[in-house]
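Should a chain be cited, it is by its letter among A, B and C, assigned in written order, with residues numbered from 1 in that chain.
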């Protein structure tokens, strides 16, 4: 086996160890790097800024624990922007695993801004059969959802006595944190297209390529691409948090993977010519 | 009866939704509001199906002392113990939420984080410039990887712009083509169910 | 290093599951089974507390007895465990499938048509001042060719010996390669993000060695 053969078959355990250190080192010793803002992120930021002060923002938290690094920072940045504009926030999730995750960080961010539950924000929590519930909420939230995350009847919460339906009369915009299905496409089909409410989406990077046609058609007013999109929004909104702090590690990991791809291809090309 | 009744119900339910949507009068009556609720309640009433299936499989492992049966036993204890705890305490119960945030969240995150290593390994082994098409795929992938993180901007400040072009033109156009095809596919399947041609959901046998 | 017992428990489970990278082992399998058990329990608990409890404990006792009917329909699913009446489980299933089918046929044409409408791009683009915009024009033409080419690539019912279809499909193949490359680049970012998140927890919350 010559060196070029070896370049094509480096032991995967070496790659694993190097990848671990490529991510760990910049996390322990942060390296500040210049960040470019992608147009879909800027569009989301501008859209968020354009929402009326004191309005109502609907947050869809449709993800599980595995997507926390990508979507929680984006969600926090959006909700912080909303609270700074004195907007009221309503959260609803179509993922049973998203209920406790969303409630935990929403409670934390609401506490940062001294927001009162039931008045400034409400957590509807998880409801099964997402499609039907979501469509039903476009005409009557209380009838469709019944109770909130804590089991309190929605009719008893002051905010929900004011926001009767998921429609433009009551809700100024939707921020959807989407991992897959049910997610952004569900909102698009049953709420955005039917009722005309505007929506921005923060998606996991896996979905970004497939979601781009929706951004270009204007069906999504903005699109955050995974952790990078979240970090860009953190920078734009002036709330640097975990995504910004993690982007250095992401850079090193990408560099390592590209380096290995190049090494493998050098071996392949030289061997093919020889 | 055993096939015809379910088939009839399928068609009737589909027609109910379609007419409720397209008929102005039915739309105004918000019939779907009632049926949405009924369907959701019926689906939720069937939520234990998954638990029962899991119990059957794991209990069989324990009873027959199959390899790793003790793990199956632990799974059953955790399943019913955690379920009872949750049903008693509620989602924000001190112990229930503590276990969720500290055990479940970390398990789910760790399970999926393993994929980082597999995709790195797969990229290294599979990405070869074997053809012109493969080269285009590789170059597009590398530019997007670099453009997505600050490193790309640091190496050359035009990389994010090339990434933007790839995402918004080179990627979005074919993705829209695929998307339109997927929509047509979904319509076709739905139409086949409505017309009774597609009956897979009725299962086999009598 | 964290003094929070929750962080320690989380770290132990994380390391147990990550040990799979080295090789499959007994500790991994134990953690995996606990994870599956909790996941299954959580579905039942959230469904009960966030939805069904309100129906059963409040709405029905308040006089909405008609809601017993959908509960009975849902319960018919359990007849699948009784071989003699297993076919009855098809009743709720057929209702749900029919309902979903209706939803697809009624609601999805709108987003589909919006996508088509957005595909009518100007071949001669102008900037907001009304002047010719070369960059946008080129992008629009490329976008159109890539879109039509991709759709032609999936024409399996028309022979490729037609030169228009053959050329279109060829453009489509190249376009799909770019899209797949972009999808792959993003997938790498998504997957590495997951491990970055894990190390944020292990090195930051648990070991406390990350600089703020």
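Operating definition for what follows: contacts are C-beta pairs under 8 Å (C-beta built on N, C-alpha and C of every residue); 3 or more make two chains touch, one makes a residue touch a chain.
Just so it is clear, the model here is predicted, and its values are computed rather than measured.
Chain centre most remote from that of subunit A: B (centre = mean of CA atoms). When chain centres are taken as C-alpha averages, the shortest distance to the whole-protein C-alpha average belongs to C.
The centroid of the Cα atoms in subunit B and the matching centroid in subunit C are 5 Å apart.
Work out the mean CA point of subunit A and of subunit C, and you get 13 Å between them. Between the CA-based centres of subunit A and subunit B the separation comes to 17 Å, rounded to the whole angstrom. In subunit C, the residues touching two or more other chains are 21, 39, 42-43, 46-47, 49-51, 55, 99, 103, 107-108, 111, 115, 179, 182-183, 186-189, 192, 194-195, 197. In subunit B, the positions touching at least two other chains are 35, 37, 39-40, 43-44, 47, 90-91, 100-101, 104-109, 111-113, 116-117, 120, 123, 138, 142, 145, 147-149, 167, 171-172, 175-176, 179. Chain contacts: subunit A has residues 16, 19, 66, 68-69, 97, 99, 125, 127-128, 132, 135, 149, 151, 205, 208-210, 213, 216, 225-226, 228, 250, 253-254, 257 touching two or more partner chains. Looking at the complex, you find that subunit C touches subunit B at residues 6-7, 9-11, 13-14, 17-18, 20-21, 29-52, 55, 67, 69-71, 73-75, 77-78, 80-81, 87, 90-99, 101-109, 111-112, 115-116, 119, 139, 142-151, 153-154, 172-189, 191-192, 194-195, 197-198, 201.
On subunit C, the positions that touch subunit A within their shared complex are 21, 39, 42-43, 46-47, 49-51, 53-55, 58-59, 99-100, 103, 107-108, 110-111, 114-115, 117-118, 179, 182-183, 186-190, 192-197, 199-200, 203-204, 209-211.
For subunit B in complex with subunit A, the residues that touch the partner chain are 30, 32-33, 35-37, 39-40, 43-44, 47, 90-92, 97, 100-101, 104-109, 111-113, 116-117, 120-121, 123-125, 127-130, 138, 142, 145-154, 157, 160, 163-164, 167-168, 171-172, 175-176, 179. Contact residues of subunit A toward subunit B in the complex are 10, 12, 15-16, 19, 33-36, 38-39, 64-66, 68-69, 97, 99-101, 103-104, 125, 127-129, 132-133, 135-136, 139-140, 143-144, 149-151, 205, 208-210, 212-213, 216, 225-226, 228, 247-248, 250-258, 260-261, 263-265, 268-269. Those residues of subunit A lying in contact with subunit C across their complex are 16, 19, 23-24, 27-30, 66, 68-70, 96-97, 99, 125-128, 131-132, 135, 146-147, 149, 151, 153, 185, 188-190, 193-194, 204-206, 208-210, 213-214, 216-219, 225-228, 242, 245-246, 249-250, 253-254, 257.
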